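Heads up, there are several structures right after this.
Both of the next two complexes hold chain A, though its partner changes from chain B to chain C.
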Partner chain A sequence: MLGLSLQIVLNGVTTGLVYVLMALGFTLIFGIMRVVNFAHGELYMAAAFAIYVLNGKLGWNYVPAIVFSVAFAGLLGSVLERVLFRRVIGNEFNCMILALAVSIALQSVALIAFGPDEVGAPRPVTGVLRLGPAVIPADRLFVGGMAMLLLAAFYVFLNKTHLGLMMRAVAQDAEIAALHGIQPKLIHTAAFGIGSLLAGAAGALMAPVYTVFPYMGELPMMKAFIVVVLGGLGSLPGAVIGGLLLGIVESAFATMLGTTVAALVAFGVVVAIIAIRPEGLMGRRA
Partner chain B sequence: MARRIVFAVLALAAVGWPFLVENRYLTHIAVLVTISMTLALSLNMMLRIGQLSVVHAAFMGLGAYTSALLSMRLGLPFLLAFPAAGLLVAAIAAALGPVFLRVKGVYFVLLTFALGEGIVLIFQEWVSLFGGNNGIYGIPKASLLGFAMSTPRAYYLFGLCLAGIAFLVAVRIFRSALGAVLDSLNENEDLSQSLGVNARSYRVCVFTVSGFFAGLGGSVYAHYTSFLSPEAFSFWTLVDLLVINVVGGIASPIGPVVGAILLVPLPELLRDAKQYQMLTYGLLLMTFVIFLPSGIVGGIRDLRRRRRT
Partner chain C sequence: MNVRLGSIVASLIGAMLASAWLPANAQDVLKIGVIGPMTGPGAQWGLATAGGVQIAAKEVNDKGGLKVGNKTYRVEVISYDEQYKAAVAISALQRLINQDGAKFVFGPVSSAGTLAVMDIVKQTKTIGITGAYSRKALDPSNPYMFRVYSVATDFAQPMVNWLKKNVRADLKRVAVINPNDETGWDSDKLLNDTYTKNGYTIVAKELYERSVRDYQPVLTKILAERPDIVDLGTAPPASAGLIVRQARELGYKGRFIKIGGSGPRQIIEGAGKAAAEGVINYLPADEQNPGYRRLAAEYKKMTGNEMNPLLVSWYDGAYILMAAIQSAGTVSDTDKVRQSFAKALPYKSVLGGTIRLGGKETYGIDNQFLTPNYIGIIKDGDVVTAGQAE
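Up next is the complex of A and B:
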């Protein structure tokens, strides 16, 4: 029983950390621009394909490949903001439609370029580790460790750098921030870029663990959405807590009752939370 | 006067051509247009109250499965199964509405998304009832008062009537006192509430009517195609309906009508290339949201207004 619980928690935390990476970028973009980025999963997919091409096809080393893929996702996000999202900002409905359009377009581009088949990226880490009675695949542990490093880096960035301070200011009150000489447009591009960077990191890390295909971003995007609603839209601590919570709860239900029940429970929890406490566990009331 | 007659003849030709032209394939597309039109109108009612409902594809599925199962398992005639499909979905919408419509915008999107995914998951996993991913085959063709609807033409006529009714209802709702209330809510919700308007009950009413038509549309779809599988009611069906609305224009019921006529035949042209269809949809949505957010109908209306002044 102890072994099973440990296994459930370990599985949950390693999955949960990836959810957190996705959810943090998603909630950052929402907090600063009020854009629900339905295309978040496609940035995850873009980075995964970049790893597949660079590491798998062109034979780059894993480390430069991952750096390049993550940077690619970040750049793609900034460009999307500059070229598209900037034009509809302030209109929540149009933002949602545009994000949906970007998501569909990126998926179709991947379909045209790579076809619908699931392909595998090379696995840099293999084997399993034993932790008492529990077994943990080394690649998942690697992903979890990298995710934690990134989270720490993101925390430092947000709290200790000037750009991070400006972002928090815009998220809190864009008008007051503008009065203090912060250019909201610059912050928007930066926030969209960094949010996409985090999604790209999740995609690049997970590419060797799962398979790579054009629709691979849909599931993580949905999880990020659920996590962010759990934690409160726009709340960064909420995204961390929500992500770990969803990971562990899902892992528990999936182990004991199967994945279908786990998915239904996740949906049920979301419905209940929005109905009872729409601002989420950690969110502020608007 | 002469202009009116020409217009009337043209309109009649536009609606009645499947009875003049003997082409099964074109008539088939025309049937699909009328079904999509009904569903897009049902989604339009929600968009008019400022809520993007993502559950409507699943609502269509509920209507389709209800109607199919009632006629296959219980042997109910189409005349009973068809309204039952609409009423069941309407009842679900009426029951969930008071909870769901407490929230707006993104939260409503997520709530309806979760509900929709949950419903489709049940279609997939409850194999003994819904047939799982293999779906249900051999749904009987509809018949009305002993008159069997066996040709696409019959379905076209039926679908056209249904779309027409949905259109009239959508127009009525928003022109009535209810429409004035809904407009006032869109305009300034706090102010209208201070005048004693119970915002939520009006919205629940629209959600219910909208669900009713989604269920009816699903029922026609089920008996027309005679085959159902869960993937037909996925998120992508909703994207179709949304594209129809955005391209046509969401501000009036004419928008989805125009959108359905223009867009439903499109996948048939790009039939062998799903990826190019997706790309087209994505680019269309982007273009319209950025350059013509009021859609074709809204754009024409603006142009006319500008010319007049």
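Up next is the complex of A and C:
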């Protein structure tokens, strides 16, 4: 029983860390621009395909391939903000519809370019690590470790760098920030890019763990949405707590009662949070 | 305004007169619909459906078309994605019948989709040729629905017989994993009954949601029961590959068998060569057969992708349907066509074996194309045919 419990927690934490990466970017974009970016999952997918092509097809080394793939997602996000989202920022409903349209368009582009088949990206790390009676696949451990590194880097970025502080200022009050010489539009582009970069990091890291296909972003996007509702829309600590909580709860229920019950519980928790504490676990009251 | 209206009417009359003067065969088109999952984890099966029918149609068209009575028809294939969802399958069928005017439809491939369209097929007298695994897909009260290949109900017992002969006799603890839908429920019950009847012990039976890619929680539960054999049931091939890989990562060292939808190459793609080694698969076709290789090359030329073995059955099925239409001498009277399947079959498959019509004993109606089944084992990243499931 101890072994099973340990395995449940390990499965949950490694999965939860990926949810955190996805949710951080999602909530960053919402916190600064009030955009519910339903195309976030497609940035995850874009980076996954990028690493599949670079590492799997063109034979690039894994490290430059992952750096390029993550940067590609970040750049794509910045371009989307600059070309499309900037026109509708301030109107949450239009932003949501635009995000849905971008999501479908990116899926279709991937479908045309790569077809509907699920393909496998090369695995940079293989094998398992034994922890008493439990095991952790080495690739999951690698993804979890990278996710924690990115989390730490993101924390330092937001709290110690000039750009990070400007982002926080715009998130708190764009008008006051503008009065202090910060250009909110530039911050928007940067925030969208960094949020997309985080989605790209999750996608590029997870591509070798699962399979790569045009619709692969839908489920992580849904999880990111659950996580940010759970933690509080726009709250970064909330995204971390929500992601880990969702990962562990899902792991426990899926192991004990099956994946259907786990999905039911995840959405049930969201409904309960919205009913009891609409701002989420760590969100601010409007 | 009147002048414009007059010119439109004149144009319409002109077009009607012109069409009346055109030779009849320039207009005659036989529309065949295809409904299958073209996207998502089951896409390999849907693409095999469309691919098989399209290759057969192209071959017939290249030879001048399908001669029915004194007319020659160009065969047109119209395909729709059912996304493995019942509601989408219904929309696709209604579109095929009402907008495209198709009276013959291959698919749906999913059991949920097939059960959802059963009534429409019957009411509209559309010939449906499904690929669904559910036993309920063939119903004595619905003579318009046929099935294109033998399904697990037909080959589960032969495969377990093979297992008993070829795998260590002390491996008796079996775990079964299936998707949580009509296809999976049916497979779950069938495999439970078949293994139990043959002296095996079912130690775990798990259902998962099709959208899931992280099978570790489900596998953690299954592997806690220490199975000797894990049956992947009707898990789509890409999902089955991930299940195999994740189970190996969690330390599972036993055997895998898949008594359900085929796709060993996708299992190798998802699991990796090492993890997929030794997986026992149901195969609807012998990959070493020259007919198979010809079709695989044709499919590769057409799409650039590797062929799923199920394509062979859909290819044969398309020829069987066209033979039934020719035998009935009509493309519009579907009652005559459905009765003509008994004349079109037995039919010699592109692989050389014989496809017969049957199913009355199992399903209460002779609407099942009984196809030969094979057993394949993954060895060193390739699929080796180990024998026929008889």
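Quick notes on this one:
Note that in this section the second predicted complex is superposed on the first by the 286 of 286 C-alpha atoms of A that agree within 3 Å, B and C clash if a C-alpha of one lies under 4 Å from a C-alpha of the other, contacts with A are read in each partner's own complex, and residues count from 1 in each chain.
Just so it is clear, contacts are C-beta pairs under 8 Å (C-beta built on N, C-alpha and C of every residue); 3 or more make two chains touch, one makes a residue touch a chain.
Keep in mind that this is a model prediction, so the values were computed, not measured.
Superposition note: with chain A as the common reference, chain B and chain C are in steric clash.
By the touch criterion stated above, A:A71 is placed in contact with neither chain B nor chain C.
Of the two partner chains, chain C is the only one that A:A254 touches; chain B does not reach it. Contacts of A:V36 after superposition: chain B is touched, whereas chain C is not reached. Look at A:L111: by the touch rule set out above, it reaches both chain B and chain C. Once chain A of one complex is fitted onto chain A of the other, the partner contacts of A:Q7 are limited to chain C, with no touch recorded for chain B. Once the two complexes are laid over each other on the shared chain, residue contacts for A:V125 go to neither chain B nor chain C. In the superposed model, A:A263 lies in contact with both chain B and chain C. Of the two partner chains placed by the overlay, only chain B lies in contact with A:A101; chain C stays clear of it. Overlay on chain A, chain B versus chain C, candidates 2-10, 110-118 or 128-136: the clashing stretch is 128-136.
Counting contacts as defined above, chain A residues 111, 260, 263 meet chain B in one complex and chain C in the other. Interface residues of chain C, counted against chain A in their complex, comprise 38-41, 43-44, 47, 180, 206-209, 211-214, 216-218, 220-221, 224, 238, 241-242, 246, 249-251, 266, 269-270, 272, 303-305.
Those residues of chain A whose C-beta lies close enough to touch chain C in the complex are 4, 7-8, 11, 15, 111, 115-120, 123, 128, 135, 137, 210-211, 213-216, 218-219, 250-252, 254-256, 258-260, 262-263.
Contact residues on chain B toward chain A in their complex (touch as defined above): 50, 52, 99-100, 102-103, 105-107, 109-111, 113-115, 117-118, 121, 125, 239, 242, 246, 274-279, 281-286, 289-290, 293.
Here chain A touches chain B in the complex through residues 30, 36, 84, 87-88, 91-94, 96-98, 100-109, 111-112, 222, 225-226, 229, 233, 260, 263-264, 267-268, 270-271, 274-275, 278, going by the rule given at the top.
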